[in-house]
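Look for chain A in each of the two complexes below; its partner is chain B in the first and chain C in the second.
Let's look at the complex of A and B:
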């Protein structure tokens, strides 16, 4: 009998203690949620995002937190599965009660999670590429990465400068390649571009010489554009050189903007141009460039903490986190509604992806200046001076 | 003409890889009646182990040997730890076990190696060779030659050696094979080891062309399986013809028809063939004796 009573008291004390510590924590901390594809087929995107968030949340907390509170980061791994992402989104809102979310590695996962955050009225800064995330504009949804439409426009802008108007497309049939191909076809007339050849390849194909031979034999092709992702573009680039097509200017997309592309494509990559974020060429930017400081600092922090080369994907997470943190600082509050309003008022935010100017009609806030045209020379990225 | 040749050689190179994967299927199928869906993972292991060994400073030929040895080890372990304990189970159960093994191997590779794409240098340089106007990578000849060597070796082994005949006997009737004194467990292990070696060789030969990563095996297993079905499951000649045919279908489909529908076109042809000849082009008609 006695032991039972003791147990009851102990239990009660335990429950109370639990309640107390939870309450205390809630007052001094603000919960930011994240659902990322840390494992699975999109892990090369999710992993750097995950590392970036952890590195910078620690840094922010060490410097005193935001609006007087420490950030408590809750990260779930969806493994690249949109269904799981949605489940975790619900968990973030109902169980963890986060005030904002920076995450959503893939477009699929982001689209699946959007309704959950819209219903709960919690701001959601997505790290996914496709334009569908912010077009049409949804009240609580923002994103940081450039869109594929902007990449097409940047490529066409460069082609126009070189007086090349007849282009051949060779696109991957994966989500990224297919979406960018559609955007390129859509914006081509705005730049006077004429698509004279339009070929495709599977994301896992190991030889694209058949498609390239067809493009090569199409009369009047002045340049070739390859919207694609992963190892496909590297093989296309190698086949391009194999077929001796180097005299035709060749454009890759921002999807291959990592050092491993140059490594995989080898000497065949010489002379290839692509649009990419400033982060890749941080050390080559002129001192006067407004992004220089941000990108070199991020690169240094990421590489010294992870011992891995920096990628633009982690940069998107950096931008998302700091857009959110600065909005919280300006609002001097962690109320989701107030934070959302401040995110929308973001002006002149210098991130790794570009200079962000959001508005009620633009929840991305980047313009074409966010992209730099790079050319691969001597096994490294080189800035193409505008006008050449 | 140059265009035709370009498509032809591109198709043959890709087809040779499918053929090697299909051969791996054939060997294990012949010994055990099991379709080993972890076959693609052997191709991945061959490429990945070679990449990482040569990155660690091992010369390329030695790295390739290490990769083949490692794959054979994994093949034997797969047989010993997963297939052998379930030897009484039906073929379907065993097939499901191999699917599980392929997921496990892929996951382990992602953790032990990494998730990036890797390449190997071409064995004899990158400068394309001009054949009547078609530009051919020298590595293509390595792939085609390597595939030919593997095919001939396997054919001689199966048809002209006692152990090879024991493999065929085990496939035909396990109980009867055991009754005439064949150690069927050893034969099965041999088949898994050999099939892993073939996969690894394929992986090493093609990595300079196709690049490799931890998950490169999935699609190769699928294409190799389609090739084996097309040629007739269990027939080495059929596996080779099926593989080359599939590669050619894809290349000519992409070149002359539409690159968007090249896979659909290839699989359509396979379906038609299987409608007309359900046992495949070279398959022996399965006879159920009652």
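Let's look at the complex of A and C:
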């Protein structure tokens, strides 16, 4: 790197007199940047995102690129550290001179990088979950994953259909759990939900029977919701079965939407419901479903290239990349300002996360139909028919 | 004495020249950002080096004070309406008070016990920061209002390069001077042998406590500077990994060497940036470089190299 920097300075000094710049060399390619948590505690999110971007950028380039240019992908690993993410964001803009960014694995990293992209007026499509990324709307910031608020609303919608209104919450104190709990408490009155018990646990706790016993002994609890992430929800699910609480309907969040949750929770996961993207049940979707084609193709491409099961997290990166590429195609340009305007005009984009309709006041563009309610049966995800 | 003063002035002058000349070779503001991060880490490390190198005590929870400084300037203006510069001072005062209160019992411990006690303190502070989400924004962190001084809004990589550079110069100057004061000599005596220091009348517990408080204030100021610079802060900065990073900087650069802390910070901050070209081997190489330099330069980079040059010069 040092030698590269020195070389650059020499080059810059050398060509100054000729009025040339590096840009002249790279005219036939367009740089897209990404900062992901490929290693560290969030690597289970960042790794599939990283692989997805690499697979599809190769595919796009093999098909001739975008707006007449080949895509050059620059990915940096922040290791889950928001401060590093911010430095890499500066590097992408100042040093690599990217025209757009698809990345930001965690909410923390995304929030730390937002000011950099806003200042530089470079479009930034985030892959982080929390609603504060796009609320309030920032001119150059978009995101693809569903928000935790939508997950709460989807769960409450399903509860309402089943005429259950008194719920107990048990949430993790990590970023995901705390943020989703706050959103659930906020939207509960809109669905006539009454939160009668509200417990929490640390992200590394290994037993939650105390909190669950308290919920069990609270009079009138009709259903339990567990906003959480990682291994916590699997332990809660096991404890739930051990305490014989199966008669009370149990809801997990989209945070557990990966096969490893079913493996960790084992038989205790039977009957658990959760809101999740169509990607998880791609093969079980009816042929008429508009997302069927996209999710089965993505699943196949990802699994054949990586030999690993597909996850919704990689799907978010797929959606982000293609929203960006299609905006570039429509603009027939790679000018950041024009691309931003086109991203905002995205309408009817069918992604793995749902159908995206963006607007100047909505930089996510997903509605509740993007979520499907799933039930775990026989160790696998199953679609819950609406109304049951 | 005169020679010593000159040597100190020379060190400071060289640092000042480096800080003011670097911008001429920086091609983009990204380099200013990385350099500012080096200055901030170096500032925290110099403080920790006073505790570790001069007074011979280990702190494995030093990021706690870094976090307190950072969150003071985040919480003060946002929730309590305190002006940012005042929040910076409050953070430093809070850190020193906490260091004093906690240090009094802790610093009577020796060796591993002390390390574990400071480790506990670090974990506790990080836990409070990530749990009290009403105040701190929880694990996702919170935005920090920009620093304004006399109507001047301090922002941008260039500005922060100079601000953090100036802070580092002041911090270096104080640390270099401290080395030559009675307090500094008492620290050294402590480092070499606690028993001997006690025998010649050094109040061991008091001086340990002083070193701990000074180190805490350094870390707190560095934390505040980083929070202002980023405009955003999250609990990672107060976490255990960051504490280990600070200790690594001090040990890598050289225990007891002020310049060593700056060199250590430069290596540990720029190396990951330089190694990104190796993609997945990045962490492997980083570890390897640190292991190799610790094996061949056992006293740290700066003391080992200057020792080598001195020997060469003599022969």
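Convention: the second predicted complex is superposed on the first by the 363 of 388 C-alpha atoms of A that agree within 3 Å, B and C clash if a C-alpha of one lies under 4 Å from a C-alpha of the other, contacts with A are read in each partner's own complex, and residues count from 1 in each chain.
The rule is simple: a residue touches a chain if its C-beta (ideal position, glycine included) is under 8 Å from a C-beta of that chain, and two chains touch if they have at least 3 such contacts.
Since this is a predicted model, take the numbers as computed values, not measurements.
Asker: Per the contact definition in the header, classify A:124: touching chain B only (first), chain C only (second), both, or neither.
Answerer: After superposition on chain A, A:124 lies in contact with neither partner.
Asker: For A:302, select first, second, both or neither according to whether it touches chain B, chain C, the two together, or no partner.
Answerer: Neither chain B nor chain C is touched by A:302.
Asker: Let me test your reading of the model: by the given contact rule, A:111 touches which partner, first (chain B), second (chain C), both or neither?
Answerer: second
Asker: Touching A:206, do we find chain B (first), chain C (second), both, or neither?
Answerer: After superposing on A, A:206 lies in contact with chain B but is clear of chain C.
Asker: Considering only touches as defined above, state whether A:217 meets chain B (first), chain C (second), both or neither.
Answerer: first
Asker: In the superposed arrangement, which partner chain does A:263 touch: chain B (first), chain C (second), both, or neither?
Answerer: In the superposition, A:263 contacts chain B only.
Asker: Thinking of the overlay built on chain A, is A:90 touched by chain B (first), by chain C (second), by both, or by neither?
Answerer: Second partner only, chain C.
Asker: After superposition on the shared chain, which partner residues are touched by A:322: those of chain B (first), chain C (second), both, or neither?
Answerer: neither
Asker: Between chain B (first) and chain C (second), which, if any, makes contact with A:231: first, second, both or neither?
Answerer: First partner only, chain B.
Asker: For chain A, which residues lie in the overlap of the chain B contacts and the chain C contacts?
Answerer: Common interface on chain A, chain B vs chain C: 39, 173.
Asker: Going by the contact rule set out above, which residues of chain C touch chain A in the complex?
Answerer: Counting only chain C, the residues touching chain A are 25, 27-31, 33-34, 37, 130-131, 133, 138-141, 143, 157, 226, 230-232, 234, 236-237, 272-277, 282-283.
Asker: Which residues of chain B touch chain A in their complex?
Answerer: On the chain B side, the touching residues are 3, 6-7, 10-11, 13-14, 17, 110, 115-119, 126, 128, 135-137, 206, 209-211, 213, 215-216, 219, 250-252, 254-255, 259-260, 262-263.
Asker: Spell out the part of chain A that touches chain C in their complex, as residue ranges.
Answerer: 1-2, 4-5, 8-9, 12, 39, 76-77, 80-84, 86-87, 90-91, 93-95, 106-108, 111-112, 115, 130, 132, 173-175, 178-179
Asker: Using the touch rule from the top, collect the residues of chain A that touch chain B in their complex.
Answerer: On the chain A side, the touching residues are 39, 41, 43-44, 47, 173, 199-202, 204, 206-207, 209-211, 213-214, 217, 230-231, 234-235, 241-244, 260, 263-264, 266-268.
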